[in-house]
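Common to both upcoming complexes is chain A, partnered first by chain B, then by chain C.
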Partner chain A sequence: MTQHITKSDWFGPFVVSVAAIIVVGILKPSFLTPFNIQILLLAISVNALVAFAQMVIIGIGQMNLSVGAIGGLAAISFAGMMEVWGLPWPIAAMLALAVGLLAGVLNGALVALTGVSAFVITLATLSVFKGINLGITEAQPFYEIPEAVKWIGNASLFGTIPLLFFPFAITAIALWYFLFRLPLGRTILAVGGNSHAAELSGISVPKAEIVAHAISGVLAAMAGIMLVARLELGQPSIGDDWLILSFAAPVIGGALLTGGRISVAGTCCGVVIIAIITQVLVLFNIDPFLVQVVLGLLILWAVGVNRLREIRGQRHVPGGAA
Partner chain B sequence: MADIEQNSAPVRNPVTAHPPVRQMTAVQRFFLSNEFGLIVLIVLFTIIFASISPMFLSNFSLYAMGRTAAVNIMIGFSMMVVIVTGGLNLGVGAIGVCGAMFGGWLMQAAGLHWLPACFGALIVGALLGATNGVMIVKSGLHSFIITLATMSVMFGAMIFLTQAESFREISPAFSTLGRMKILAVLSPMLLTAIVIGVLLWLAFKFTTVGREILAAGANARAAELSGIRVGRMITYAHALSGVLAVVAGLMLVSRTGAAIPSMAGQLGQDWLLPAFLGPVLGGNLLTGGRISVLGTFLGAFLVTMLTTGLLLMQVGAFWVQTYLGLLLLIAVLLDLARRSYLARNKLV
Partner chain C sequence: MTKRPVLKATTAAILLGVLSTQASADSTTRVALVPGGPHPYFAAWEQAGKDAARDFGLAAADYRVPQKWELSMQNQILESLVTQGYNAFLVFPGDPVGTVAIANELAGTGAPVLALAGCLQDPSEAKFCMGTDTGNSAYLGAKELLEVLGPGAKIAHFTGFLVDPNTQLRIDAVARAAEEAGAEVIQVIADIDAPEPAEEKINAYLAAHAGDVDGIITTAWVPAVVAANALRRIGDKRIKMVGIDHDEVVMNAIRDGYVHGTMLQNPYGQGYIGSFVADRLRSGCEVKADAPFKSIALTDKFIDSGTVFAGIDAVDNYVASMQAITAELMEGFEDTYLTCS
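Let's look at the complex of A and B:
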């Protein structure tokens, strides 16, 4: 049993994040104050959804460059519908999620029907979605966010657990259950592991692709909506800087870019590690410009480690499925 | 190369499995090519835009278009030389900006003449590109994830070193180059792009290294077995990509008269779409092995023309990005249709 745990994908990142929390906590006691924990959890909650949106697509062995563009489009739809149309926020949120769903289905359908690599398709839709975003907003934010939404974005339980933590936690559990316990979710991972074998065993590859992209779109939209609540502003630039982050967290969490192997817990640990590092750079007065450098190095380190594990795994189990 | 061969491109039938291919003359072949299609489109859109707005064919408009096209063409070339190896280089923008900033620094802080400064910038581009190449080859990982990570590292390091400040004291001789007009319509930058295009065409057509890069891209294993050092070829391609990206960056510096860290957007991401539009419109296979310098050139030119035309028609600058995205989608779909038509009629 212990061996089972230490060998799992999320164990390494988990140890790293716990160690990082302890070390930073000792060096800077202010790191573990309730207020700081609240800030950390807020960042983690939103970033985790961004990472999940990419993780699902990595699971099917593809990539989605348009995660940020979908998130931004959903964010400005959410804010815009409340400001311009005066819709109550729950309805606006549902419609914004629908925008994300639609965008995701469009991605998935284009990839599935044309057989063109997801990279090119999502690069094209990235600029379509971003262009629509800019065309609607003309790069100006929507300022009039209802008080209720602002409250949700910044309120917290006991001064430590932000309300936005709950949508994240529920999504993480639901996503894990879907991907690893429900047939449809396993289908996605099967296609990612070996799409040819999956097809031969009767799985509809196009359906799996469309479902995966649809989920990715909804998750990205959720992240966008949550950011609007947190920033109290419908910023058109929401999502512009998600690209690196969305790949970094799943990869740190042990995901293989060849597909079929992802870990929800690992991705969460990846998000935690990134959040801690970003905070540490601030706490120790290190140049915040270095965040990009560190993120890039983290990706390189993580893919290197994953690659080694992959090679070692193949050596131990000849013919090797893990 | 690890293969993220995810359902990329349609299956190309091996030549041997084909019934005898219908014989075609070179002229017929040209009419079926991507390049011909692009020329038709360019002519068509020139007529459309010129009839809507007489401004479109004014000397100034043509000059400005050529200048913008030159940058887009270089960005397209930079991606193209990596695409032919079957890889990608997300760091085109990041490398381009890093090199250009280094050039700006050499001119302003080190006070160098612009010629050695540009040379220094190109070397930085080659080194950064080669670093990508070496890491891809040594790790065996797909170029996508490596260049994604390094673009973050390179751009972050550049912002850290420059503190996001621009270099504005560019040598006047260099910025004159960006504003110079030959025969009232031609920019020296477009000339540079044409010369570099011809050199690239010659290099990939006639030199051993060029042909070996193509062979490595077409089928890495077969190339390896026939004695080509595939790893080295991939590194060369990435180094070349870095150099070409820096040329694009330097062109922008010369045009604006300053080296600005944000000239390619956050992490250089703004160059990503033009980088792919040119080669994809030009009919370069994303799976590698086939190059069309002329196609990339015309593709990038078409994109610039459409952008200029759309702006002249006052569709709103904010929507242009949407149209370019749609253009990429349409290009990909048309290419699929064209290829399946050719395959069905056994024309290739």
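Let's look at the complex of A and C:
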């Protein structure tokens, strides 16, 4: 059991996360105040959904460059439907999720039907979704956010656990269950691991691709909606900054960019590590230029560790590359 | 589902106070107003262009936004606009040096080019640069903040993109004002002119250091909005803050006492006057050789589009303040800066 845990993808990032929390907590006691923990959990809750949106696509061995654009479009749709059409927020939220779903299905269908690389397709749809966003907002935020939504974005349990943490936690568990316990989820990973073998074993590759992109779109939309609640406005630039984070967290968490191997818990740990680094740079008044450098080095380190693990794995397979 | 009521109300109100001057009837001038990327600051340019087109009889004065803050994307849009028949360009340079080449290319087609809201590095073919004297605005804002805090105050400075050359000017200006007032800038948080990083870093800073800081100055739009919201959320009226621009969130925070005031800029005036000048230049006017331009780090042909502090006493009539800036600049602009035969 212990050996199983220590060999799992998430164990390394988990140890790093815990060590970072302890070290920073000792050096800067204000890091562990209830208010700061709340701020940290808020950042983790939203960023984890962004990372999940990319992680699912990495699972099928593809990339989704339009994660941020989908999140931004869902965010301004959510805020706009409440401000302009006066829709109640639960309906607006459902419709915004539908926008994310639709965008994801469009990505998946284009990839599956044309056979063109997801990189190219999502690069194109990024532009389409962002264009629609700007066409609607004209780069101006939507301000009229209902008090209930603002409350959800800012309320917390015991002054420490933000309400937005719960959608994230539920999603994380549901996503883990779907990917690793349900047949449809496992077909996504099977396609990512070896699409040719999956096809020969009767799995519909196009279906798996469309499902993965649809889930990615919904997760990105959820992140966008949560950010509207947090920011208390519908900023058109929501999502513009998501790309690096969306790749960094799953990769730090042990995902293989070639597909087939992802970890929900590992991705969560990756998000925690990135959030801690971001906070540390502020708390210790470190040059903001460094945040990009540190993040880049961290991705290189994670990719290196994963590659090492891959080579070791191959050595243990009889007849594998030695 | 589009939005505009607030912006339209504001700009229409500004318009009422602006003096219309000579309109060249049935002008063939087609002005393109092109920011570096999407940002709420530039939204007033759209209405300014429309108003200028109507008031001065221009064939068009259209606002065209690149989808992203990327120099190559802005360059492509500008080249495409030439082929679409636009013959005058008001451009926020995506990069003060990198945009010079495309500005010179546009000028080579005979189109007047003006740098708006941000300047090109001299030498360039731009007729002049009209924008906020960002350093001066940050300096004046810091002065307002430090006046209410008194000597020995500790302030934090939240500012914009590190790639924006104005950011360093703002950092230096705030530091200078603090030094003059015997205050200390204990932290500068930059590169947060986007919602997610601003939210994360400003809240993390306040969570750890709210007790250590007496005041906050923000010199970029998004940090101002996020910091105003953060102070409201933690219910802290001890920390005084001076923001920038006229976002509703900031103006409401001033009304409710969470923010001391804001430094207003004049994007509407830039677009309106810029469109007028572009038409005049196409009608045979020329920029005076001895025009009283200001010199700033990037250029010797700078016109300050104005900045003014709006505190609690001015928050409900800030539109009037912006009207006054635009009207003052517009009145006598032609006599001061142009030679028309």
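Methods note: the second predicted complex is superposed on the first by the 318 of 322 C-alpha atoms of A that agree within 3 Å, B and C clash if a C-alpha of one lies under 4 Å from a C-alpha of the other, contacts with A are read in each partner's own complex, and residues count from 1 in each chain.
Here is the rule we go by: a residue touches a chain if its C-beta (ideal position, glycine included) is under 8 Å from a C-beta of that chain, and two chains touch if they have at least 3 such contacts.
Worth saying up front: this structure is predicted, and the values here are computed from it rather than measured.
**Student:** Specify the outcome, clash or fit, for chain B and chain C once both structures are aligned onto chain A.
**Tutor:** Overlaying the two complexes on chain A (C-alpha atoms) leaves chain C and chain B clashing.
**Student:** Would you check which partner chain A:T125 touches, where first means chain B only, second means chain C only, and both and neither mean what they say?
**Tutor:** So A:T125 only meets chain B here.
**Student:** With the two complexes superposed on chain A, say which partner A:K28 touches: chain B (first), chain C (second), both, or neither.
**Tutor:** The answer is second: A:K28 touches chain C but not chain B.
**Student:** Answer with first, second, both or neither: which of chain B and chain C does A:R261 touch in the superposed model?
**Tutor:** The answer is neither, since A:R261 touches no partner chain.
**Student:** In the superposed arrangement, does A:V282 touch chain B (first), chain C (second), both or neither?
**Tutor:** second
**Student:** Is A:L134 touching anything from chain B or chain C once the two structures are fitted on A? First, second, both or neither.
**Tutor:** both
**Student:** Once chain A of both complexes is superposed, is A:D241 in touch with chain B (first), chain C (second), both, or neither?
**Tutor:** Touch partners of A:D241: chain B and chain C.
**Student:** Where does A:G80 make contact in the superposed view: on chain B (first), on chain C (second), on both, or on neither?
**Tutor:** After superposition on chain A, A:G80 lies in contact with chain C alone.
**Student:** Between chain B (first) and chain C (second), which, if any, makes contact with A:H213: first, second, both or neither?
**Tutor:** Neither chain B nor chain C is touched by A:H213.
**Student:** In the superposed model, identify the part of chain C that clashes with chain B, out of 97-105, 169-177, 205-213 or 331-339.
**Tutor:** With the two structures superposed, the offending stretch of chain C is 97-105.
**Student:** For chain A, give the residues common to its interface with chain B and its interface with chain C.
**Tutor:** In chain A, residues 127, 130-131, 134, 138-139, 240-241, 289, 291 are touched by chain B and also by chain C.
**Student:** Across the complex, what residues on chain A touch chain B?
**Tutor:** Checking each residue of chain A against chain B gives 61-63, 65, 110-111, 114-121, 123-132, 134-135, 138-139, 195, 240-241, 243-244, 247, 251, 257-259, 287, 289-297, 299-300, 303-304, 307.
**Student:** Hey, which residues of chain C end up touching chain A in the complex?
**Tutor:** Contact set of chain C toward chain A: 1-4, 6-7, 38-40, 42-43, 46, 65, 67-68, 162, 186-187, 189-191, 194-197, 199-201, 203-205, 207-209, 222, 225-226, 229, 233-234, 247-249.
**Student:** Using the touch definition from the top, list the residues of chain B that touch chain A in their complex.
**Tutor:** Residue list for chain B touching chain A: 2-4, 6-10, 88, 135, 139-142, 144-146, 148-157, 159-160, 163-164, 266-267, 269, 272-273, 276, 280, 286, 316, 318-326, 328-329, 332-333, 336.
**Student:** Show which residues of chain A lie in contact with chain C when the two form their complex.
**Tutor:** Per the stated touch rule, the residues are 28, 30-31, 33, 35-36, 38-40, 42-43, 46, 77, 80-81, 83-85, 127, 130-131, 134, 136-143, 154, 227, 230-233, 235-238, 240-242, 275, 278-279, 282-283, 285, 288-289, 291.
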